[in-house]
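Structure record follows, encoded as structure tokens.
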């Protein structure tokens, strides 16, 4: 939470949020499987004003070799923001924030991907944030799952992700940028709906134990909405359009 | 690090014990290791603490000095917390720029303290928009036996609780030190992070290095003096069920309260 | 990259076709690939364009913000253009600091736009010697099929043509945004770069990735709206004769005029 | 072109330039083959106020090995400016400009050097700009050719280099620093006079097509002047002085 | 010497220094062998207000392998200051000063350690300055010797270290921070008392030849005091306490 | 570098000769190699010198420009000396950031000049606390035959002795150059560093590259014009006895006086 005081009304008397949504309503979500020519798998997501492109390569040889694992394939994730993706132009060097998010997303995907049959190889997930608007890590994780599926990587389940949070003393779904800046809590969640497992969970903000539980439940609800859209995107590419990549 | 045969054996043994409700070092599942705190270990710093959590040891030194405020944050001082894994702490630690693990460590510890609003940065303004006080809590790990998140967090919290704030006044547009006007660094709460590992289906509090190497996933939850949850970070290669998360939340409040008593006592001794 | 057996075979095939005046993808030797331009692909940027040249794809976002002028350049704004090859664009791209190829790419694209004086930096002064407007055109390549020079150049040009310039006024010595006073970014010309590869003794316009891997040398020539040549860069492991250079100059004017029409249309649509 | 307006008269009514030269006259050029003790080959050039030292090592083993090529030797070029070589002290870290010029000079030398008989090896060309005065890349390239010859590297031809350009609406030879800053175009050219091949060509500035052609021709003329001095320098070392190195 | 003028009285009429010491009196010294659990050997020193921790690993395998020596073990030393160890918070990046001191301490230890029987391996000495107060390199070197002995590395002798210097026109022992800043000379000395060999010697300041000799002799005297404390520390750990580590 | 068989043979030969009081190149043990100094080798710099010590060659260029003073040092100008080993100087030199050897070289040369107070920084103030003159003596090594410490030190000293100091005056709070007001850079003494190698039990002055590769330890001692010792650095894998150190001190005064004469002469010629 940025801790900036704000005069913005985050929730009006009718339970309507600053961007017109209800408290349990996610922003507009568009997911597309495929799209890139060279990548083995790819996906594009628009999640509110977030625009994120993900490309997947692998399983492929690892260089340098000593970073490979003789027992299993490894997953590598890079989360990267374009200089023009944020309000003030971002310095092109990778920030500590980007390195941490890369790791958190990797560990959110690890429970889903099955790499045991690909020893000595790596699957590389490259996440490119073209435009950021609060909640990039969830949008990125959701798109990464679709891109991994598009690349034909075997998976136990897909990871769907959505943030919940607290603003105006209310637990809300899918925190937007204003709510993240001026609100009371932001909790990104990654979830495998079929396996019922939370694979990404972070929290910045202040929640009492009841709010905490409600916040996790609200986020899971959002993940289930996203999950349907992920499946629809893959469906559209592989079945509606006859399966051409 | 690649799982070795020894690690696999160790993990089997740890799991077997956990099935019987026991841990390798005899602790209860919700029992943290012994915490000892030496305050003012670095007397020339504005505050400091040397913390031992079992055999994991971390030192935090707090430096307080005038700084420029961040843009659009001219009415607030600066608080920054860093963490470094010194190469003498474990044979596998390499020198050079920090890797993702250490970057995550530093950021999680920083967020735990920051999101609790422990340091009252609104009281750290020398002249609005011009000069503020910067509080730098730098943590180094000198011995490793698992669970750096909590050891570093306790070191930072103890050092901050025992920090003295010098006083500066603007003179000719430059912050000038006022001698003999030191006060306690203003704090509002005592954040406590509790890290739990999931090994098989068991949740253990404060995993030591063997448990750390054997865990499937982990979660670090920070609570404040009011029993609120203020920060959380999940990690590791597996996930948690909703029930497990709720249980971890409860554990973090309960165990956190015990740790908070220990940390609070150092503050009272120190001041 | 070492030439592989496959590459050698491909090159033979490409050369054989060229002897008959043909190209692998059926284009005429002086025919660029299909160019599609999506403007305002990044609505939060001050200008943006997503450009596809054949199967090479690049996105340019323009950020416009107050900046300090360069020393001795207090009466001019700043224009900087960068280019980055994203690792999802091709399996061979590595993360990390840019290598010489990418540095050359960025500098050649930057010089093409800069030397044409497309962006009228003399109109980008907020207060002389104190505060000016900086225009940053950052380009990322998301899919690779050869000839990044032109794809990146078109992305930058299209994004600039469609950029809105906010207005700032000095207030208390700090540039302050004037709401609702946006205008089009002032431009003077439309630079177009044309890259040509020499394969054997043949010159082809807009080489795709197979042609790129097979070429002996290359040349990128940028022309402006008046048909002047404003920037040029030779590359590759072989040379050109004087006649070939003159021919490339002529091609760059001719083909450049076609491309300019496409780019100009995006500007008119956008504004 | 720096784009700085200037009140300097670049060309007077008699066709004389700001440094006293005629429009087709190069600056004073001094080339010396050899000079360094440890390098396998070396050369020193003074080109106007430019002072550049070049040392060549190789063919020699490549470290790390994966950078070598099993089919041919490779050429590596480093163009580097001393901190004291320019007006304002240069930061010692390699600039993007230096990296680009290194690449451009490498690709200008590649058509000349014959490395096919030295697989797995590298020839290293180290260019040190001791004093810069406009046109360093051409001076450096000319000296590098001599240093390569001095090192006994087999070559198809030598690459001679000189810039042409435009100032006061006139095409001129060998643009100096003032003309580069205040002039209208600068076109560095590298040329193999015997093989009649242009191996380096860049342009910053504005030229119409006729000027463009004339500019290239003017530059080639300059290269031919430099070529004679390169041969003279090698002659002096290897024949006049009895061939001792 | 910082060259800062100072109004501080470095030496009063009774030959008493600013911190109450006599001219040939070292600051309070506390040395402890051992202390760290993971390190193969360790030591802690307090030397005046200096607080330094040293950990030793090895002999152990060298990565990358090409840095190892097939004839002998190698010694690697890293001297590192914590951000909070000095007056103004230190930037965490290694400074050139730290790199030089690492090298100087390494070369001060090399005459003492016997690595010939451990080819292809490395002994790593990690020095951590927790609090600095002038004379850190001497304190660090003294502690490193004890840590090496604690790790069981065979040694010809231990290296003891202490600085001498000049302040108020007098040769003094163990220069403190104020004397280093305002004094006339600082001469850190590392010495093997049994072998009578100086293994570290540096000087900043101005000494005439007689002062120079006296300064070295004074420093050696200090080293002998430190040497006794080093032996005492090892004694205490290995004999008084029954030899447990 | 690993000692090779050739190096071992060379060392035996060098030692054998030393037992007879001789050196490989015929010099006496206390005899430095021939020193030649070309001043103003870089006319556009404010001062410069190209120095050859035997076959070791170094160039120093001095740049003088306005700078901000260091904090708390507002009444003094800045003097900084750097050294770089160019890759053309020896086949083993690698490009990239400097290693510990080169960092030590630069710092030892810098300290030698700095501790002698050669450059009178108190005369390099434009406006106290605001703007001072910075003197940057950057040294590059272009040919290597051992003993870089002394070659670099002599290059710096000769360049400084022959440097011209421009004059600046504050105008509108910015230092502005006063044309035609150049003076000699104010210096107070001529520091001379003498490097000695210990090979076996023999001390030799100014070791060449073969002696450098064979030495057990080394010492660099800098003296000033008054015969004082002002800086010293021991290096290498062995130690010195007290007697050897005292002897090296005497040698540095004696041989330093000879070298100082040579350097002084360049100053007189130059000015």
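Letters A, B, C, D, E and F name the chains as they come in the text, with residue numbers starting at 1 for each one.
Quick note on the criterion: a residue touches a chain if its C-beta (ideal position, glycine included) is under 8 Å from a C-beta of that chain, and two chains touch if they have at least 3 such contacts.
Every value quoted in this text rests on a predicted model; they were computed, and no experiment measured them.
Visitor: Starting at chain A, figure out the least number of steps needed to reach chain B through touching chains.
Guide: The least step count works out to 1.
Visitor: By that same contact rule, can you tell me which chains touch chain B and chain E alike?
Guide: Touching chain B and chain E alike: no chains returned.
Visitor: A-C versus E-F: which interface comes out with more C-beta contact pairs?
Guide: E-F
Visitor: From chain C, which chain is the farthest off, judged by mean CA positions?
Guide: Max centre-to-centre separation from chain C belongs to E.
Visitor: Rounded to a whole Å, what is the gap between the Cα centroids of chain A and chain E?
Guide: The computed centroid separation for chain A versus chain E comes out at 52 Å.
Visitor: Averaging over Cα atoms per chain, report the distance between chain C and chain E in Å.
Guide: About 58 Å, centre to centre.
Visitor: Please report how many Å separate the Cα centroid of chain D from that of chain F, as a whole number.
Guide: 32
Visitor: Going by the touch rule set out above, which residues of chain B reach two or more other chains?
Guide: There are none in chain B.
Visitor: Can you tell me, using the touch rule above, whether these chains form a line, ring, star, complete graph or other shape?
Guide: Looks like a ring, each chain touching just two neighbours.
Visitor: So that chain A leads and chain C is second, what is the order of every chain round the ring?
Guide: Starting from chain A with chain C next, the chains run A, C, D, F, E, B.
Visitor: Mind listing the chain D positions that touch chain C in their complex?
Guide: Those residues of chain D that touch chain C are 1, 3-4, 69-71, 96-97, 99-100, 102-104, 107-108, 110-111, 187, 192, 195-209, 212-213, 216-217, 220.
Visitor: Quick one: in the complex, what on chain C touches chain D?
Guide: Against chain D, chain C makes touches at 2-3, 72-73, 76, 100-101, 103-104, 106-107, 111, 115-117, 217, 219, 224, 227-242, 245-246, 249-250, 253.
Visitor: Touching chain D in the complex: which residues of chain F?
Guide: Checking each residue of chain F against chain D gives 41-45, 48, 55, 59-63, 65, 82, 84, 86-91, 95, 136, 138, 140, 142-145.
Visitor: How about chain E: which of its residues touch chain B in the complex?
Guide: Interface residues on chain E, with respect to chain B: 36-39, 42, 49, 51, 53-55, 57, 60, 78, 80, 82-85, 87-89, 92, 124, 126, 128, 130-131, 133.
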